[in-house]
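Listed below are the structures to be examined.
One chain, chain A, appears in both complexes that follow, with chain B as partner in the first and chain C in the second.
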Partner chain A sequence: MPTTLENWNPGKAENRHPHVAYEEKERLFLEVKNDMRYSDFLYGCYECGICVATCPSARFYDFSPRVIAQSMAREDVERVYDIITEDIWNCAQCFSCVRCPRQNNPGGLVTILREVSLKNGLQETKDALQGYSRVIYKVMLKGNQVSPDMLQPDFFPDWGPWVTEFSANMQVWRKAIPMDSIRGVTDAAWRTDRKTLLELYTIWFESGNMEIIKELDESLYDLLTEVMQEELEEG
Partner chain B sequence: MTSGKVLIIGGGPSGLESARCVAELGGEVVLIEKRERLGGTPDRESYAKLTHHWRDASEAMAEMAESVTGNKKIEVKYSAEVKSISGEAGSFQVQIEAGGIAESIEAGAVIVATGFQHFDPGRATQYYNYYSFPDVITLTDLEKMLKENKVVRPSNGETPKKIAFIQCVGSRDRQIGNEYCSKVCCGIAGKQAIELREQIPDSKVMIFYIDMRMYGYWENEIYWPAQEKYKVNFVKGVISEVLKKGDKLLIRGEDTTMSRPMEVTMDLVVLSVGMEPSAGTRAVAQLMGIQQNKYGFIESGGAGGLDPVATSRPGIFVAGAASGPSDLDDSIAQAGLAAARSLASIRKVMA
Partner chain C sequence: MTETLTTVEQILERKSHAVIRDSSVAPTHDMHELLFELEAKSEIIVQRVPEPYVEMTTKYGRKKKIPIEHTWHHKSCGHCGHIPGYASSILWLHRQFGLDYIDPTDQTSCTGWNYYASAASNAAGQASVMARNFAAAYETGYFPLIHCGTSYGHYKEIREQLVHHKELRDEVRRILGKMGKPLVIPEEIVHYSEWVHVMRNRIAERQTLDMSMITATVHPACHYYKIVAEDAIYDPDIYGGQRTAVVTAMLESIGVNVADYSTWFDCCGFGFRHVLVQRDFTRSFSVLRKIETMKNEVNPDLTVTHDTGCVTSLDKSQFAAKAHDRKVGIPILSDAQVAALAMGAHPFRVIQFHWHSTDWRPFLDKLGVNWQKYWDEFQGDLDQIRAGTKSGITWEDADAPVNLTA
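Our next item is the complex of A and B:
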């Protein structure tokens, strides 16, 4: 609906997801709130801002751990829906925010929000994570997250100015600091011990992580499952 | 002529405690009280529970009053007022009127414990409509309802489900002239919010504030439990106006956390009114010729600033909220000091 003088209400936040019923937003909100970790992650907020001050993401994105904590505390269902479909992917999950004097854990709230968004297969979550397929593939299959060639300043501004330097002279760095990489190239991660890898695969299956991947990206799930099961059978 | 008596003006918490302490230290007291009963503002305004230990206010005040009325060294005069004072430290002559009869009292020292009054929200600079909308009430109005365990919307007698507190009404406002913080309203609002959530478990309670000033143990005794256990919402931002929307109240302000203007409807709006000097404090200060600060409270602190019960006139001391916003603990602590200092000043003259 276009904004007209009749329906314009400056006192009300813009409803950014009018096509989603309030009941659905509330259901997701309650799923987050009823998580068993919730009461340990959120006590009460002074709005002192220490979580924002320590947050690396807040420097680069429109992201505030304080707003997340306060929105949950106020049971602002609409705002929490904005957060679960958008904000949570700007968190680096570094947990700098846990120095909160009230012992809140905004990063932990983000963890719960992410899990709920994944379990419920939100389209925004799929979209947000699409670009991460390669990272997920590497983390889950190789046991390492980032290979050197992924260090591109445009994608990771929160990693600081050094990324430009590293990415520009990657080959020189590799020669200067030889690493035990899988194929001695920059597009692969560092080698993880085989026993550790097999343990990781077991954890992915047993902890329900593979179910989440299936909800997120079925072809990625098929690819990972095939390789992992083969390796596990080999032992 | 030198007198060993201490005259105490005011029968509230500070006056009562001063009287008890002077008597315990061996002095004689004449305590004059304007009303026909003791207990001061907590009694007159029907306070429910006190912030410390959640004690019943009537019970606590009755205890204080009994320790005075049952003491042979203390003479209490009801319906009494000071008319004039002359003399100096050690030998004051005070003209009073008690129950319509003029009397003269000799006193070696005087303790002024004339207290405060609650700010009248009719003078608020924002548009809160206290005198227009029955569902806009003050902390003191709510305190009376909490005491009877019957909180209703005055307009229709229904139980309110959405309740907002607005902080700093009459305090910290240059336009009104009260630039000071009234010290206790944050704690009282927090305490009342907890009581509301206990008495009306399905209610939503929000407190709109500029700064929360929950000093000392109010932090862990009131603020944290209110937020964490009773799920009271504290929102930083002052409400600019209260309007009528159907049979609800619409409050308008900024939600500073979310950086956006905000309008929400409420069933009941509670104005956290601050403290001003009572009419008695202003009158007594004037007729005794003791200095008042720009807000009308009695100037205290002495020459070095570290004498919280000294006034500008030797031999005359002040205790409690007559010298500025004060909670019960501080008022009672000052009362003890005023008692000790008044006896000391008499003994100095006698020596």
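Our next item is the complex of A and C:
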């Protein structure tokens, strides 16, 4: 279509999500903009592309930290909605983009966008995090992201025959580690004091983390709440 | 007027000039002054770096104190979960030098891996997790030494947020109050590789395994030197002060030939969420941008890095790439594991080579290490554990250095 004065809309994205009201997109954008970290992460954009040149996700996906910084600086509500629903989960969170000469932190902006998408229960985010719930369960209950018993051949087949060998020998290999905090532990990365875990559960409840989990996955929320509350009541 | 062309030699000479930074003209603001102001107002407690410490120069010239001992080892869930020889090598080095430390169980992970993967948390939650761990260290009187690069970067970013946002400090203090803990921020946030760096000459003094025949590439960990970049250690004698000095300086001190490659700045492809549930990205990036580039340009015997995710991505991604006839086959170790090996640590009781996927045997063969002998010995340990005659391997079994080439 030729560009005319009627359809010329510089700096504004097409409306790729017409089923969502503009007001709703604006509400989400303002939630991002009102995060206390927003002004630390965005100062403007020179369009130099240094962030894109260093970005691993830009090499493998249709993803651009420059577009994220630009769209947010321009307050392009439609484009930011595209980003929050289509782009944010491609970011590798390596923070190579903070090489930005304008001191922007596009990776940090992605973090805020992700938080807002979770808090608002966006379906695209639920889809992106499908299959990830067991990791959240582990980290919130055990205080560790990974544990040896998660390394199963059916979950990590691409890690090669090592996973099968490890899985078959997990119990004995874990006992053959000299560190007292690790030796023999298979359901967590290390042995954590009960008091420590109760303090961690307190943090999750007091900081509003549980509300985020409720938006993401209600059954995970129910499960975590039941276990943690029971532990906290026992003291 | 006659113009003369700049020669290649002149360009190289110009580029070889070491960059010496002056902290008084640093392009970023050092928040330490604000940290002490907050302490003066009784808003926070600043835990001081214990003596003895060594002052190292950071990217823009600020001196950073690195403690030698009395350290509280903030472990990495990735190390301890699936690369345990990484953590045990760090502690083994401390034990060899007779340094005082604590391996605490009053510690959670930073939960940063989850946060960078899913964002299923928030600023107050993440800051409270950090502050709880720091308060736990403070209660013991030992100073935190952070094993994980992501914890290190994440904590530095949270420290910035706490210093600059009163509402966050108030919220974290309220949450910590529920468990009777004060808000403590250490004077420095120190990564274990910075400790290895300051110990490098002492490591070289105790070296028993010649490594001069080894060519290695270094992958600097993103979350070490990209997040709050001004806090990473730089040295004009290493890459002319243009890249972080940690890892490379240690390798050079023990005689390893460190070779350069063009994609050194690229990340490893870990991606946090990707490595767990979308590994096609991790595998592709790790192999195509890092491993294959190193192979083509340098063909190293080894790649050395200093973070959990980097060891994981670079090591575990290589197997599947073989099916596509990609150029792979570089063993991956951490700087602590290499240092421990140089000082004669047992390859399996301490360094735990058997947790690594990419074949490490050619590397040990090149070093002349009789690894089969030590593997057989380790199998004997496992047989005893299986038979119930031994509960597990302890430091008593692992402390003594061995003659690796015998």
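Simple rule for what comes next: the second predicted complex is superposed on the first by the 162 of 235 C-alpha atoms of A that agree within 3 Å, B and C clash if a C-alpha of one lies under 4 Å from a C-alpha of the other, contacts with A are read in each partner's own complex, and residues count from 1 in each chain.
By our rule, a residue touches a chain if its C-beta (ideal position, glycine included) is under 8 Å from a C-beta of that chain, and two chains touch if they have at least 3 such contacts.
What you see is a predicted model, and the numbers here were worked out from it, not measured in a lab.
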Which of chain B and chain C A:47 touches, first, second, both or neither: first
Chain B versus chain C as contact partner of A:168, first or second or both or neither: neither
Contacts of A:37 with chain B and chain C, given as first, second, both or neither: second
First (chain B), second (chain C), both or neither touched by A:60: second
Chain A: partner with more touched residues, chain B or chain C: C
Contacts of A:73 with chain B and chain C, given as first, second, both or neither: first
Partner chain(s) touched by A:96 [first = chain B, second = chain C, both, neither]: second
Overlap of the chain B and chain C footprints on chain A, listed as residue numbers: none
Touching residues (chain side chain A, partner chain B) in the complex: 9-13, 43-47, 66-67, 70-71, 73-74, 76, 79, 102
For the chain C and chain A complex, residues of the former touching the latter: 75-82, 84, 87-88, 91-92, 103-109, 111, 113-125, 128-129, 132, 136, 153, 157, 160-161, 164-165, 167-168, 171, 174-175, 178-179, 181, 222-223, 226-227, 229, 265-267, 269-274, 276-277, 279, 281, 283-285, 289, 316, 319-320, 348-350, 352, 354-357, 378, 381-382, 385-386, 391-395, 397-398
Residues of chain A defined as touching chain C within the complex: 35-37, 40, 54, 56-57, 59-61, 89, 92-96, 98-99, 108, 111, 114-115, 117-118, 128-129, 131-132, 135-136, 139, 143-148, 150-151, 156, 158-162, 166, 169, 172-184, 188-193, 195-197, 199-200, 202-204, 206-209, 212-213, 216
Chain B residues touching chain A - in the complex, by the definition given at the top: 212, 224, 227-228, 233-236, 252, 257-258, 260-263
